[in-house]
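Okay, got some structures for you below.
Two complexes, one shared chain (subunit A), two partners (subunit B, subunit C).
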Partner chain A sequence: MKRHQLVLVGLLGLYCLITLAPFYALVVRAFTPTVQSTEFHLWLPDRRPLSMNARLGDLATIYSIDARAFRQEMGIKGYVNPQLTLAQLAETYELEPERIRAWLEPRVQYNGVLSVMEAGFLRSLLATIFVTGVSVGVGGLLGIMTGSALAGFRRPWHLFTYNLYMLNMIIPPMMVILPQYLIMTKVLGLDDNYLSVILIHIKGGALSTMVFTSYIATIPKELRESVQMDGGRHYHYFFYVLLPLMGTPFAVFASIAMPWMWNDLLHPLVFLSPAKYTLPAFVAAIGGTYTTNYEAIFSGLMLSLIPILLIYLVFQKMFVRSAVAGAVKG
Partner chain B sequence: MSEVLIEGVSKRFGRTEVIHGIDLRIKEGELTVLLGPSGCGKSTLLRMIAGLEDISEGVIRIGGEEVNDLEPVERGCAMVFQNYALYPHQTVRRNMAFPLKMARLPRAEIARRVAATAKLLQLEELLDRLPRDLSGGQRQRVAMGRAMIREPKIFLFDEPLSNLDAELRVRMRLEISRLQRELLATMVFVTHDQVEAMTLAHRIVIMRAGLIEQVGTPLEVYRRPANRFVAGFIGSPAMNFIDVREVRADATGSQLTLGDGSTLVAGALPAETASVGIRPEHIRIGLAERASLSFAAGQHRSIGAEHLGDRSYRYLSLPFGELTMLAPEEQVIDETEPLAISFDPARLHCFAHDGRRLERAAA
Partner chain C sequence: MAGSSTRGAKRSWLRSRAGRRFLVDLAYAGPQLFLYVLVQLLPFVIALPIIFTDRLDFLDQDVAWVGLDNVRAMLQPPLVDRFGDALQRTALFALVNYVMVYLFGFVLALAMFELTSRLKGLFFTIIYMPWMISGVGIGLLMIMLFSSDTGSLNLLLKELGFGRNVVDVKSEAGTLITLPIMYGWKTAGFNMAVFLGGLLAIPTETIESARMDGARYLDRVIHIYIPQIVPSIIIVTIFSLINSFGIFDELVGLGGLSGNANAEFLSVFVYQLGFGAGATGGAKIGTLAQAITVSLLVFLPLVLVAFGLNRLQKRLQYH
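Take a look at the complex of A and B:
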């Protein structure tokens, strides 16, 4: 390898490291106990054993531990004084200290991941996949239909319509959140319904309109005419010719729009109840009421990133492949 | 019957009229070429026959039936596009089967016809490839296969050979004319390439600016062009035109006064001749023929020569204008010597002021 190539590879490597550093920090943070969260960690900190002198109330507050679940697990009936330490608890209720430790220690040592899981991470993940999937799919389909109508701007009003879609981009979502809420709940009756968030995601569609309109304009009009000559109707053209060619623009659209939909915090927070929160709202809600459980928040962030990263990598491959296939059109 | 009859057809895009009332008869079983410079409306006319463009005025009949309001498929036309318009995500087999699928033919029948057409066009080994894996000529053949699989009454070709390289163009030209003979099909072929037109056509329709200039067999339009435009358009290099100032007739024939004042003696020519045309291959150096022009040393200048191997063209600058002629390769034209050129007056084409051809009185 030549010297300038080495320098180039080195710089690229450095760039990769810089890009990946936040993800690394996030993973470390996801396993850093909240009590140490003001300290700087480069590596996962050691897990400290559970102290039997800790008070049950403090543990419940700081580690978001469900005191009622603890009582049921230990077979304690009635009120438990949260000021009691674990050692005193064991004495008062004649419990084996080891039993208390066995139940509480993992919840303290791996507090972040476990409390995220217990708060309903999987349900929230499924909700997010549903909302994002339907939004990307339906939004893409609508974009293809809009694009195939507008491509080429054959009439003056085509450009006007296109510009209206583009105008949609400059409206800040915060500003219209109240009228949108009123429309969703009072007019459409979509109170606490995933459909409301999906509708918000696919409405307007400036990005999809832009991507599909410009791509469809590059498809030769002879393909359409050929279908016409062969006796096909417009829907034949749409389903047999146009849709199969939409892989590239769809990958472009999905890889840009999907992270945005996946990470949307505002709309689920406004339109959905906590039991139906999608991931970002869910993560924001697990912080706790009186204290902030940073370990849980960071774990929630990390876990909610993994699926989108996987999806993104798959799409990235498709994206690169289709982009290359289009470049060497012969 | 699959004769195409075009009666008073006009086409307007918005306010611009691009075709001004054309009448044309395309005979059954013939290959008719629509020829003309770009923008003359030949493709538009083809697309109106196909049904891809509305007809602003006039009537198109196919096999006696008016087709103005029929869908393309109902007209029994198939079209081969300039860029082939193959469906890029479908294999050759599915591309060729597409028209039959649209016609809802049974699957076995589709397979049988695809196989038969592929055999005819020698596409059997390519059936499972995608269009992007094919060469230009193969794509062209697939496009033709897709057009003929429906057994249409009329084939329409929109400059199908212009994307091919020169050698392939010659081969595809032969192939198209072989297919035409085998299928006895009515074909309409649009091109701006006169060599294609001359070699393929039974009948050439020469168009300019939305009007038909002449209809005739290739040799007819070459030998008896209807006007100056056709005369200049057909033939390469183009015909030479010499402006005529005056025609004086006497007992021996006509004396033409050319633009520069020199005189040319030719057989009897119409009195209103405003210009005469002569093809490069009909001009000789020397005084071998009846009509002749002589130039003193310094009056003529050679501005170029093209040696094509089998023939050579010379471009001369003469007092009355520029002249192209066919001359043997070894012929030397020396600018410091006098030069004489001559030609048979019977080869002269006479044109009136408005460019119309003037027939010579039978001698």
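Take a look at the complex of A and C:
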């Protein structure tokens, strides 16, 4: 019996190590210079210091360095021959070599992270937190309201409405995305507006309706009747009795819907302009712009994973519990 | 006279107990329902009739009814090859992916079910973790791990002496092997949770009595666990089917929209038909109407299967 458990712990532990391996490899690759990406590294490789014999043009290509920003920073007017080495540059334009080094060194040493930051990572992160936060909060509240009306299916239209929400599962997103875009821009005037993505997330669907309706149906009728006996209105019942009981179903809803909303690619891609992309679209755009700068691409992926993994680890008890509980309810 | 009296009757009904109840229900269910109809059902209703037209895009002014020509276009050159390839890739992926559901999710759930160690919570947290990665992220991780010459796994295998470029993510076979593995890795925690939920709902007396009767482990799995967790199996099947056929984000990460022909699964094909031309600058390969037709052709049968399974599950639950 004891040995049997040890084998289980060993095998599951091994699987967990394999599960963590890609995350580890990602961290290593996020700090591996693109020029060294054909070598295997077990740990963050040592950086080669910036050589003054490197050509400006090569640096600009390999590290996606903005040559115009460099000229502006150095006070150089007009065209710079990209074939010049940094040492020759310093000589031609009478610049301190240290000044060139001071500006270029961090851009070469921390190329990935810096490129991603300059591409607007923080703005994209804030946008994602805003969109996901509002969507989970408002979507949950609207879901509870829907559930409180439909629970128990007392009238035929309750069941009909419930089935309408179930229909959401069968509508391929790709099929309705263009009419949706038209309605957002032409009818609602939400051109390039975060609200359009939020509306898609909070519109209701199979998950929120199923979770809240089935949970509210288990709440005893007597609670509602006792509020009515005391002369309370329906909103008294809703705010003082129902909402405080909604912790469990909200946790199930939030822990399943949050990763969906956070990781939604299609709607931000179509509804928003690149300057407003949320993280998945931002990461996809980085992959498109820095096609061969692997360091920047993998840094972008790593940075975009850190926030959601932090949220997950902080609330991991809730995630794990509702994953199993939600499955039992179906 | 008659009109005013029915209006009066309506008003008095709204004042009655049942009428007030209806108004309250409407006040609570209304806001989300309005939104749902506006941004989900209305677009669906707008999109449906387009499949019988030759509409090029949404700005197209000159639209004619063409009957079932869009369906025929998929079965004729020049589109039949691309459609066929995309369909074949997607179907193969769905099949392999469904096997992965059991290889990862079910086996892990069985192991977790037997485990009594305090490490259980830690294991669960780690196994569920990849579920947080976006689809694009999975695609990029695949590029990172399995690319020829730069993939971390390829470099590791070379270091260990297994030869150069053992896997290549951009080859036909490479995509079809690595994608289900990475997808299985991502969804392992979710599927495990669904199976584990089913296993935990089995009455302990059932398992104990089988153990008393001397049933071996494998017999218990086949004759007790599996029949008891049919609802979980159905949920996982529906999820796996819909997700496999709809897989898109991962393929974007793999470069499906920027020239990787082996990543052209059905959803990418639909995207290219509908609005692929703008990005690449090349000739448009199809029309919006064709895109909507393909997505309906493929998803509608799927949905019917999913609905059938769903009903089956509901019936099983009540028996």
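Convention: the second predicted complex is superposed on the first by the 302 of 330 C-alpha atoms of A that agree within 3 Å, B and C clash if a C-alpha of one lies under 4 Å from a C-alpha of the other, contacts with A are read in each partner's own complex, and residues count from 1 in each chain.
Definition applied: contacts are C-beta pairs under 8 Å (C-beta built on N, C-alpha and C of every residue); 3 or more make two chains touch, one makes a residue touch a chain.
Source: prediction; values computed, not measured.
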Quiz item: Once the shared chain is lined up, is A:S226 touching subunit B (first), subunit C (second), both, or neither of them?
Solution: first
Exercise. Scan A:V241 for contacts with subunit B and subunit C and give back first, second, both or neither.
Key: first
Exercise. Tell me which partner A:L11 touches in the superposition: subunit B (first), subunit C (second), both or neither.
Key: second
Self-check item: Which of subunit B and subunit C A:T132 touches, first, second, both or neither
Solution: neither
Practice problem: Scan A:P179 for contacts with subunit B and subunit C and give back first, second, both or neither. | Solution: second
Quiz item: By residue count, is subunit A touched more by subunit B or by subunit C?
Solution: C
Exercise. State which residues of subunit A lie in both footprints, the one left by subunit B and the one left by subunit C.
Key: 330
Quiz item: Which bits of subunit C are touching subunit A when the two form their complex?
Solution: 22, 24-26, 28-29, 31-33, 35-36, 38-44, 46-47, 58, 108, 111-112, 114-117, 119, 121-137, 140-141, 143-145, 149-150, 152, 155-156, 158-159, 185, 188-190, 193-198, 200-201, 231-232, 235, 242, 246, 248-249, 252-253, 255, 258, 267, 270-271, 274-275, 288, 291-292, 295-296, 299-300, 303, 306-307, 313, 317
Quiz item: Okay, in this complex, where on subunit A does subunit B touch?
Solution: 220, 222-223, 225-232, 236, 240-241, 244-245, 329-330
Self-check item: Interface residues, subunit B side, partner subunit A - complex
Solution: 50-52, 71-73, 77-79, 81-85, 87-90, 98-99, 102-103, 132, 146, 150
Self-check item: Touching residues (chain side subunit A, partner subunit C) in the complex
Solution: 4-5, 8-9, 11-13, 15-16, 19-20, 22-23, 25-26, 28-29, 37-40, 142-143, 145-146, 148-150, 155, 158, 161, 164-165, 167-176, 178-180, 182-184, 187, 199-200, 202-205, 234, 238, 259, 262-263, 265-266, 279-280, 283-284, 287-288, 294, 297-298, 301, 304-305, 308-309, 312-313, 316, 319-320, 323-328, 330
